[in-house]
Amino acid sequence: MSLALGDIAVKIGAELRGDGSVSIYRLATLENAGDGDLSYIVSPKFKKQAAISKASAMIAYPGFESKRLPLLVIKDPHLGFARAMRIFHRSYPQVSPGRDRSAVVAGDVKIPPGAYIGENAVILRGVSLGEGTEIHAGAFIGENVALGQNCRIFQNVTIRENVKIGNNVVIYSNAVIGSDGFSYCWDGERHLKIPQAGTVIIEDDVEIGAGTTIDRATLGETVIGRGAIIDNLVQIAHNCRIGEYSIICAQVGIAGSSTLERGVTLAGQAGLGGHLTIGENAVIEGQSGVTSDVPAGAVYFGCPARDIGLAHRIEAILNRLPEYISRIRKLESLFKKEQ
Amino acid sequence: MSLALGDIAVKIGAELRGDGSVSIYRLATLENAGDGDLSYIVSPKFKKQAAISKASAMIAYPGFESKRLPLLVIKDPHLGFARAMRIFHRSYPQVSPGRDRSAVVAGDVKIPPGAYIGENAVILRGVSLGEGTEIHAGAFIGENVALGQNCRIFQNVTIRENVKIGNNVVIYSNAVIGSDGFSYCWDGERHLKIPQAGTVIIEDDVEIGAGTTIDRATLGETVIGRGAIIDNLVQIAHNCRIGEYSIICAQVGIAGSSTLERGVTLAGQAGLGGHLTIGENAVIEGQSGVTSDVPAGAVYFGCPARDIGLAHRIEAILNRLPEYISRIRKLESLFKKEQ
Amino acid sequence: MSLALGDIAVKIGAELRGDGSVSIYRLATLENAGDGDLSYIVSPKFKKQAAISKASAMIAYPGFESKRLPLLVIKDPHLGFARAMRIFHRSYPQVSPGRDRSAVVAGDVKIPPGAYIGENAVILRGVSLGEGTEIHAGAFIGENVALGQNCRIFQNVTIRENVKIGNNVVIYSNAVIGSDGFSYCWDGERHLKIPQAGTVIIEDDVEIGAGTTIDRATLGETVIGRGAIIDNLVQIAHNCRIGEYSIICAQVGIAGSSTLERGVTLAGQAGLGGHLTIGENAVIEGQSGVTSDVPAGAVYFGCPARDIGLAHRIEAILNRLPEYISRIRKLESLFKKEQ
């Protein structure tokens, strides 16, 4: 497959500068690009690599110029790259509709004509499957789970009973949705288990990473809002509510009953205590430990997490702390001498 | 199903205040409760929500008063709630005894009449299963594993060879018990793998969360003590010993050969170095990194973890560190002026 | 099985001191050793335990002396122990070659005579398997995956399409190799998924722990270099390159496009930002958060991670910070008095 550069410009919403008839066969990074490759430069920081890249053309930020190569100029070159990738590659592996004969599917489950049920998948009674939904090999779908249209449940995923999942939801391999919340009460002799009578609701267009665990609610629902994206090995406890279009990076942990409002970003390995609210569009930096509510739009860092401004001032002082202690000592000796 | 409030009072060990004939159909949070719902208030902090709750009755702490609603007063309202939840809900999903024909079970394995073997479960030779034990879909039970009575092994769990598990043990989906410890020795050319000849022993009444990994010992056993509860995505390395009734929250990691004594609490994302001892009833706060032994009853926080008193004093000072540095500068300039 | 101590000395490259005819039946720790056991002492720190150990012989560091017991003296007693363990124990469980009839294997896949395919394993079309390679129960091998010789893929592992794996690679239970990288771009309305068109290459002699996730590249490859060892629940993002013989401990997370050079050590729960380079033989201490490149041979600690020398000086000062603040106050009051 090849496309003329001019056609790609139209498809990705970029401005063509130079020869639009160049044939593009694939995308590549600046370092790896060769003849027929379209590459991309997102900022002036990569000018050196761009100067020696063997790409045939580049997606570039406004202001970048090249005498050698035709350019597709776009305000957000990363978005241009994303759109171009979607022209040349499928977003997900292709499967043929139908049910593998090794799958175990309860008699009352209706499989829509465009759905796919992979090898050794297990689907229990009461499950509903939307058109185009894929259940890959070894995945488990518990009783009365509802799955919308065009969902992709990858290999060895476990979805426990009664979980409700919208349309276009992708759950990557070995994730676990709807396991029991970690909810016990000491009765003087032992940890009494509190039944987890609630469930999980996953709204449309959510993606959930490999090995991630999302627990069912004690009462009511754990909710993952529309369009949220969640990376690998994330832990979301019972009764959390994840706001629409939030971003949760790998190995983040969120304790019970916490709420992310819309558009929150939690960077890798961040941890949130229970019963907290993180305001709209707030950002929690990597490895931060949040122990109180965070206002909308704030950026927090550290453990315990502080406003990023204060956190950075403290970090800068810490780096000079040995020097400051010397200065205290000097003041003390000067004072002593004077007396 | 409904129960008279007065009957619930007796069952949960609470004191009835008000009309005991009120019919209760279910439990609900203060916010979500409606007609026929029993809710709960654990502390004065939630008085506002209680004042506008539409619950028909409340489990409440001693001292709480309501003119509107009948109350079940109990010293520990969370325990009252836990007990009430256990009246209205099963602690675990119900399954029908028997073996699904898609399960693969070695010829020498005896399945007790009340046991359950789910779809595509795999049970190898030499395995012993106690009465009432459930092996859910896709779980793997390796050679010579011993499982006691009334255990619940959820979907896609892996239990490797020779692991010994007591009674009433629950292992949630996709957990891995008895994988090889991370034990290698550099021989000058490569990391020489040390065979992991030991195993894992899990005592009675333990619960282990989804995606958690507990490694087998190099020699001897990794031991999870009776009644310990372990959340999701926890890592417990080879030769660790987890004390009875300990609490290990999500994403905690414990390096090799460390010991938790009885009743230890490790909050979320805490990490323990190897060969450490954490004393009875000690508490390690979230994200703390423990690098030395912790005495019984202590509370530690930070990375490296310190006694909570010192840790809090340091945190308070850090928040004012920019101010303190200004004060050092002021002293310096005053001293200079004076001279 | 038993071996004469003198024969073990030869096999592990140690110097025999004392009676080489002693029969050794097994290895044991100093505490647990009994008659017929060979134990080991790695440093003077364990002299007390050695003095009361009931072992029949000990592997010991040069300089250690015992009047009671014959010794195998070796510069690195841990390596001596590793070698002895490999004499007495298999490194991996033994399986009988052949394919279980419950496995689902695509028609075009050739199973070498010495290979093993376990119960309910799934192997899709285009897969190549080297001689002696084992695919354990419930594992999934996606389309066109190439597996070299003598690999061990444990239970419930997922290996996605097109991943390339060398010889002698071990992947422990429930790990996921080749899941989609976490790569999206906000288009003003939603997170646009960027197709992950690359793959994962795992070179020879790599070991990957239980529950670990290694994502495929956006373009090109995520590479795990020869002889690297990776513990449980580690996250390695798209386009990372892990240097040969690196050591990655449990729950480490590495963001996209970062590079470890040869022989790097990342201790437990450490986190690396994206697009970083960690130099040859560098060590990152536990729970550290790395936000910039690390030079070869450096040791870093903290979040953000600093050179260990500075980090330790800062830690020492922090422990005395309340005292230093008192000293500032005292200087202030002295100064005030003087005026």
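Letters A, B and C name the chains as they come in the text, with residue numbers starting at 1 for each one.
Here, contacts are C-beta pairs under 8 Å (C-beta built on N, C-alpha and C of every residue); 3 or more make two chains touch, one makes a residue touch a chain.
Predicted model only: the values in this text are computed from it and were never measured.
Q: If each chain is a dot and touching chains are joined, what shape do you get: line, ring, star, complete or other?
A: Looks like everything touches everything, fully connected.
Q: Does the chain B and chain C pair touch with the same residues on each side or with different residues, judged by whether over half of the numbers are shared?
A: different
Q: Suppose each chain is reduced to the average of its Cα coordinates; what separation in Å results between chain B and chain C?
A: The computed centroid separation for chain B versus chain C comes out at 26 Å.
Q: Counting only residues that touch at least two other chains, what does the list for chain A look like?
A: 120, 138, 156, 174, 211, 233, 251, 269, 287, 303, 318, 328, 331, 335
Q: Flag every residue of chain A that touches chain B in the complex, lowest number first.
A: Residues of chain A touching chain B: 104, 120, 122, 124, 138, 140, 142-143, 156, 158, 160-161, 174, 176, 179-180, 182, 184-187, 190-195, 197, 211, 213, 215, 218-220, 233, 235, 237, 251, 253, 255, 269, 271, 273, 287, 289, 291, 303-304, 306, 310, 313-314, 317-318, 324, 327-328, 331, 334-335.
Q: Taking the complex as given, what residues does chain B use to touch chain A?
A: Chain B residues touching chain A: 27-29, 32, 76, 78-79, 81-83, 85-86, 88-93, 100, 102, 118-120, 137-138, 154-156, 172-174, 205, 207, 209-211, 227, 229, 231-233, 245, 247, 249-251, 268-269, 286-287, 302-303, 315, 318-319, 321-322, 325, 328, 331-332, 335.
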